[in-house]
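After this come two complexes, each holding chain A, first together with chain B and then together with chain C.
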Partner chain A sequence: MARIIIPTPLRKFTNNQSTIEVEAIDIRESIDALSSLYPDLKKQLLDDTGEIRKFVRIYLGDEDIKVLNNERTPVTDDAVISIVPAIAGGLA
Partner chain B sequence: MTSIKFSKEELERYSRHLIIPEFNIEGQRRLKGAKVLVVGSGGLGSPVLLYLTAAGVGTIGIIDFDVVDETNLQRQVLFTVDDIGKPKSTSAINRLKGLNPHVRFIEHNTRLTSDNALEILSEYDIVADGTDNFPTRYLVNDASVILQKPNVYASIFRFEGQVSVFNYTDKDGNTGPNYRDLFPTPPPPGLVPSCAEGGVLGVLPGIIGSLQANEVIKVITGIGEPLNGRLFLFDALTFETRTLKVHKDPEQPQIVKLIDYEIFCGLGGQDEEAVDVKEVTVQELENLKDRGSDFQLIDVREPYEYEIANLSGTLIPLAEIEQHVDQIASDKQVVVHCRSGVRSAQAIQTLEKSFGFTNLYNLKGGILAYAEEIDNSLAKY
Partner chain C sequence: MKITFKKSLIEQIKSHGLETYPLECCGFLFGKDHRNGRIVNEIRAATNSQQGDQRRRFEIDPLEYLKAERYALEKDITLVGIYHSHPDHPAIPSKHDLKQAVPFFSYLIMSVSKDEVKNITSWQLDQRRKFIEEKIEVINQFETYK
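Up next is the complex of A and B:
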């Protein structure tokens, strides 16, 4: 099972779960599995055409999937997938 | 660099740096010769400024247009209760001067804008970005890229922090990725709440801001490996830390000029008209109450916000508004409110669009404005 790490701003869509395990062969399947478990998370991650939103980055281990094989990057059983959203806090 | 001299007092003050073999007096000279601009003197800016001042950075600029308020003191350790109501930049400099009289401070008690950013940043070698909103993040990034300055970045939200060094040029003259390589576009307004809306654990900016100060010192002195091309993530709840790679994005257009960042981030301009809803002021709400008018008050905040302060409205959190539409009257005036008026405007838009309501009024400025103008006993948060 691949492990997906959910960032703080999106945990309200996963019942505050910080990690979710999914069965998937690649990143696309992982995101789809996650979306079907937590439908409210889907619109945060994907735009209307199903593309990953540009203010969210998906990492496999420490590598950005955009320099691997994007959504078709294969995922192994011990994979750690990170969702990294833009956050802007600091001053307030 | 050898032209930079130290007094006896300075040599004694910095002695714990001077005896580190990799740092020594040369590192200290670089610090003294450096000019750093800290953007925002709040949660992140507080530890950054305290540590850079203590460490002996020669010139520190502080840009902040805000004044200190009570809700800042939970995490903005630069300030005390005596500073409430005073400009942050002035209060910060007063405090920091007491910490290290050998540092020169430059106060910019103004908002960083597309009009002044290039002029202000051009006076400095390094920028440390600790702002709280996306428009300023992109502005700081773009100005740093245009002026070819490293941008030491940190950001926080609730329990999570991010740190990176953007636009860093290494010894071989290669410049690393910038913020737009990581996040080409900002999230639409409302999707990612700010700290003011989402909250932040008070100690988190202390942790993340200290890491940011550490990176500033590394960039100045050239010791170690700065977080160039890498993004550090910290989760204070799980204590999970990760360091991810950041690459330059060849598809990103070259940044050649500053733009209107409010519009770029979906704020202001045309988008503001899109959230145009009917409004009532807090005084008008008060008049409705005083006259005993038949109206309904709906509060679209979260239950934990309701506990902090409320106006005895019917609580229906924004996310549940469509499920509980049957609780909203259609035959009389309905005033909808939240903390500051943004979420309630969204709620009204949804209700008008999906259910055809025509009797909904947004409370301008939300419960914050009510606490400010009508009822001082309500807690502002």
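Up next is the complex of A and C:
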């Protein structure tokens, strides 16, 4: 089972669970499985067309899936997937 | 809402703001979230990875962020917030801060000049995505916190 690390700002949508295990063959299936388990999390991760939102990054291990095979990046049973919110700001 | 820091951690944050002046600094706040407030018991400086004007903007690289989340999991603590500086500007969230903010986190903002940290404030988003200021409590030892 692949393990998904939920960032603290999104844990209110996962009953405060910090990691979730899912059965999936690739990133897309992992996100879909997670969304089925926690429907309120789905709209935080996906836009109306089902695409991963721009301000959310998905990492497999230490690699951004954008430099791999995006949502079709295969995952293994020992995979660690991280959901990463964009963290930024500043005075202007 | 209240956020509690040991004095030495506030001093570390201040030093970071002065070191990076006139550029914005940023970093992570680790601790515990309780019903009656949150306690920060560790901070970690982050690299401002903003590609534009770092005097006005900060950004934390996603890989650095996820390593902070992993670190918190390993130590059974919680990433409770983010700190950053506003060089030569008030410690008030900007429109850009509001646009970029995520729920749950405490956003600690310090107003810093060349020679001193003028003010520090802390903010959290409410349900309507408005920033609400939270009280900062600074203590010498955590044992005194009730």
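As a convention for this text, the second predicted complex is superposed on the first by the 86 of 92 C-alpha atoms of A that agree within 3 Å, B and C clash if a C-alpha of one lies under 4 Å from a C-alpha of the other, contacts with A are read in each partner's own complex, and residues count from 1 in each chain.
FYI, a contact is a pair of C-beta atoms (placed from the backbone, for glycine too) under 8 Å apart; a residue touches a chain by one contact, two chains touch by 3 or more.
These numbers were taken from a predicted model, which means no experiment stands behind them.
S.K.: So in the superposed three-chain picture, is A:Lys54 touching just chain B, just chain C, both, or none of them (first/second/both/neither)?
M.R.: In the superposition, A:Lys54 contacts chain B only.
S.K.: Taking the superposition as given, does A:Thr8 touch the first partner, chain B, the second, chain C, both, or neither?
M.R.: Touch partners of A:Thr8: chain B and chain C.
S.K.: One more residue to check, A:Gly89. First (chain B), second (chain C), both or neither?
M.R.: In the superposition, A:Gly89 contacts both chain B and chain C.
S.K.: For A:Val67, is the partner it touches chain B (first), chain C (second), both, or none of the two (neither)?
M.R.: After superposition on chain A, A:Val67 lies in contact with chain B alone.
S.K.: Of the two partner chains, chain B (first) and chain C (second), which one does A:Gln17 touch, if any: first, second, both, or neither?
M.R.: neither
S.K.: Could you say whether A:Ser36 touches chain B, chain C, both of them, or neither, answering first, second, both or neither?
M.R.: neither
S.K.: Identify the overlap between the chain B-contacting and the chain C-contacting residues of chain A.
M.R.: Touching chain B in the first complex and chain C in the second, residues 5, 7-9, 18, 57, 59, 62, 64, 82, 84-92 of chain A appear in both lists.
S.K.: Hey, which residues of chain B end up touching chain A in the complex?
M.R.: 40-45, 64, 66, 129-134, 137, 154-160, 162, 182-187, 191-196, 198, 200, 205, 231, 233, 235, 237-238, 240, 242-247, 249
S.K.: Which stretch or stretches of chain A touch chain B in the complex?
M.R.: Within the complex, chain A contacts chain B at residues 5, 7-9, 18, 44, 53-55, 57, 59, 62-64, 66-67, 82, 84-92.
S.K.: Hey, which residues of chain A end up touching chain C in the complex?
M.R.: Per the stated touch rule, the residues are 5, 7-9, 11-12, 18-19, 57, 59, 62, 64, 82, 84-92.
S.K.: Which part of chain C faces chain A closely enough to touch in the complex?
M.R.: 24, 26, 50, 56-60, 62-63, 65-66, 69-70, 72-73, 78-80, 82, 84, 86-87, 89, 93-94, 96-97, 100-105, 107
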